[in-house]
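Next up, some structures in structure tokens.
Next, two complexes with chain A in common: one pairs it with chain B, the other with chain C.
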Partner chain A sequence: MRLIRRVIQNLKSRFRNGSQHGLGLLVFENTSEVIRAEQILKKEGCDVSVKGPPPELRKGCDLVIEFQLVEELRVRRALQKQGASALDVVPLNSELLQPVDIFQTRDFGDYLMVRAANMKITVDKRSTVIVNISGGGCPDVPYLAQEMVGKKLQDAPTPGDIGHTLCGYALQLAYEEIQQQC
Partner chain B sequence: MSNIVDARGLSCPQPVLLTVEKMKQFKAGKLEILVDTESAVENVKRAVIGNNWTVEVVNEANGEYNIRATKT
Partner chain C sequence: MLIIVGTVPDLNLGLLIGRSELKGRRLIVDKTDIPVQRGTPALIASACRVCEVSGAEPPLALLVGDIGLGHGSRELYAYLTEHIREYTFSTIVFHYLQPDVDWHCKVLFSLQELQQQPTLIADAGFMYAAKMSGYAGEYDLFTPDIGEMAFLADEKAPHPFYTRGFILHEQNKVEDLISRAYHHNNAARNLLIKGATDLVVSGGDIIERVNEPMVEALEAMGGTGDTVTGMAAALIYSGLDITKACTLAARTNRLAGKLASPTPASQVTDIIEQIPAALSF
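So, the complex of A and B:
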């Protein structure tokens, strides 16, 4: 926690004169809060997206929410209304952000694999049964795989609901993408 | 028909897909699956168990793993 605060202070100093792109980061204590906040803000119609944090903020399986700084008050109120709050708000140059929504699709004949960021989901095209989930390195990946592998796409729990890390989030993106393709 | 799946050097999901295909071919009996990463071991074990086969033993030597699976 102390480290995060120190990094935030450094970032604030660096960007004291404001972001070149009018973007800000919402920093949360853990990824579960990020995922919940994203749901709240999207429901409120806020223009937000989840990104990998800049290297200064990264400590493993992290996520931050990118938003338009002009919407800061609206964002804060929306979160507050739902009992959520960011650890801090950091103006930021978007060049520091790493996107987590890059998809890669590979066709293995009877099977289709979609990779989003560091997570891969593979489905039997005919039955839509999930045959494999791999990647990541986050602690919840074995749990996600345990809960989802062997189930049909439409019957499997949603990784966004049961995951708690960047891997869970990336898997959610892959899951949504493969649903569209199958 | 060989009962060995040599998935060494392959990245996920290929070891799992090869194993699943082999289980479909054999339906029952004994299989040996060769992989060379721990994550492949975990993924293959999950696929084996998920298809109602049993993981009998996993042997490791020099960074390579031999997974023996059975179904009666």
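So, the complex of A and C:
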């Protein structure tokens, strides 16, 4: 935690002349907090998107939330209202990594599989039961499979609610895509 | 000895160390019953099946509960850093662990202090950390699927989630991905790339292509990549050359899949049961 704070201080001093694009980053302690914050902010109608952190903040399984700096107060208040808070806010003036946005769909006849990044979800088209979850490398993947496989799409807990990592986030994207297709 | 390091999706499971024992479809480690569905338990179970056939002793499992919050992984990383030198082993596999570059490096440096260097195999989250650390070349074998191969090829991506679209695109030839991964030192000395055609790669060159028998349902099944890695590790530990072990593991996985006659709804335990029969072909 102390290291993260030090890095944030360095970033702040680097960017103290202000951001080029009027964008800021919300930095959280872990990915599941990012996922929750994104849900809160989107519900509030804030213009936010999830991105990869700059190299100085990167540990291996990270996300940050990009937002309009001008909305900082509104964003902080929306989070606070739901009992969430960012570790810090950092102005942004460099390009961030974009999450993957390519979906691959495979039709097995009675079953449909959607892949997002390294995660795959397969659903029985007749019953909408999730029959398999595969791919990924973070430890919440086996957990998500354990909690979701065997349940109908509409009844299963969502990766956005119970996932914690980037693999969980990728599965959420695949889950949303397959919901649209089924 | 073969050591397998990974996680189990159980928040209440602390550090668990012991010889693996497969009883029917149940994996037992240090008197603890672990469900074999996918992930590291599936990898261990398939390694156990190979060891049964080869007569080798079953793997030592170093497991911890982790559902993605990373606490368990960090406990295991810390244990490895402090205690790995107390074990005598020839092969070690790192699997579903929270990717954490700092901890990865501590573990790798502890391994490099060993007098006898083991064969180092990485898959899943630990492979992501190994690539991001810049030390991929220290490993003997990575076992990515085709999506993870694109991640290894993208020198800027810290996780498969950030693989850039122009690299991830389906039309990219896997040969180009391999070449790019080696060019940026983001590949292990050998690769077993799991896909419609499994590729065995050594030093950047494709040594074998395995595409028979074709069992399309395997792509959708969770854990089929874990079983290939488990078999490859057990075959290497049993004395096979890395590329031969990878080729045999890829073929055996397909044969076991065919024997199980799976649908996209089948579970990986059906495949693991067929491994001894598939190995005898």
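Going forward, the second predicted complex is superposed on the first by the 162 of 182 C-alpha atoms of A that agree within 3 Å, B and C clash if a C-alpha of one lies under 4 Å from a C-alpha of the other, contacts with A are read in each partner's own complex, and residues count from 1 in each chain.
To be clear about the criterion, contacts are C-beta pairs under 8 Å (C-beta built on N, C-alpha and C of every residue); 3 or more make two chains touch, one makes a residue touch a chain.
Only a predicted model underlies this, so the values are computations on that prediction, with no experimental measurement involved.
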Overlay on chain A: chain C relative to chain B, clash or fit: clash
Touching partner for A:120 - first (chain B), second (chain C), both, neither: both
First, second, both or neither for A:108, with chain B first and chain C second: both
Chain A residues touched - chain C or chain B, whichever exceeds: C
Chain B versus chain C as contact partner of A:140, first or second or both or neither: second
First (chain B), second (chain C), both or neither touched by A:32: second
Contacts of A:132 with chain B and chain C, given as first, second, both or neither: both
Touched partner set for A:165, first chain B, second chain C, both or neither: second
Doubly contacted residues of chain A, that is, touched by chain B and again by chain C: 108, 111, 113, 120, 122, 131-135, 142, 145-146, 149
Residues on chain B engaged by chain A in the complex (per definition of touch): 12-14, 16-17, 20, 39, 42-43, 46-47, 50
Footprint of chain A on chain C - complex, ascending: 7-9, 37-40, 66-70, 72-73, 96-102, 104, 123-129, 132, 145, 147-148, 151, 156-165, 168-170, 216-217, 219-225, 263-265, 267
Contact footprint of chain C on chain A as seen in their complex: 30-32, 52, 58-62, 97-102, 104, 106, 108, 110-111, 113, 115, 117-118, 120, 122, 124, 131-146, 149, 163-170
Partner chain B, residues of chain A touching it in the complex: 108, 111, 113, 120, 122, 131-135, 142, 145-146, 149-150
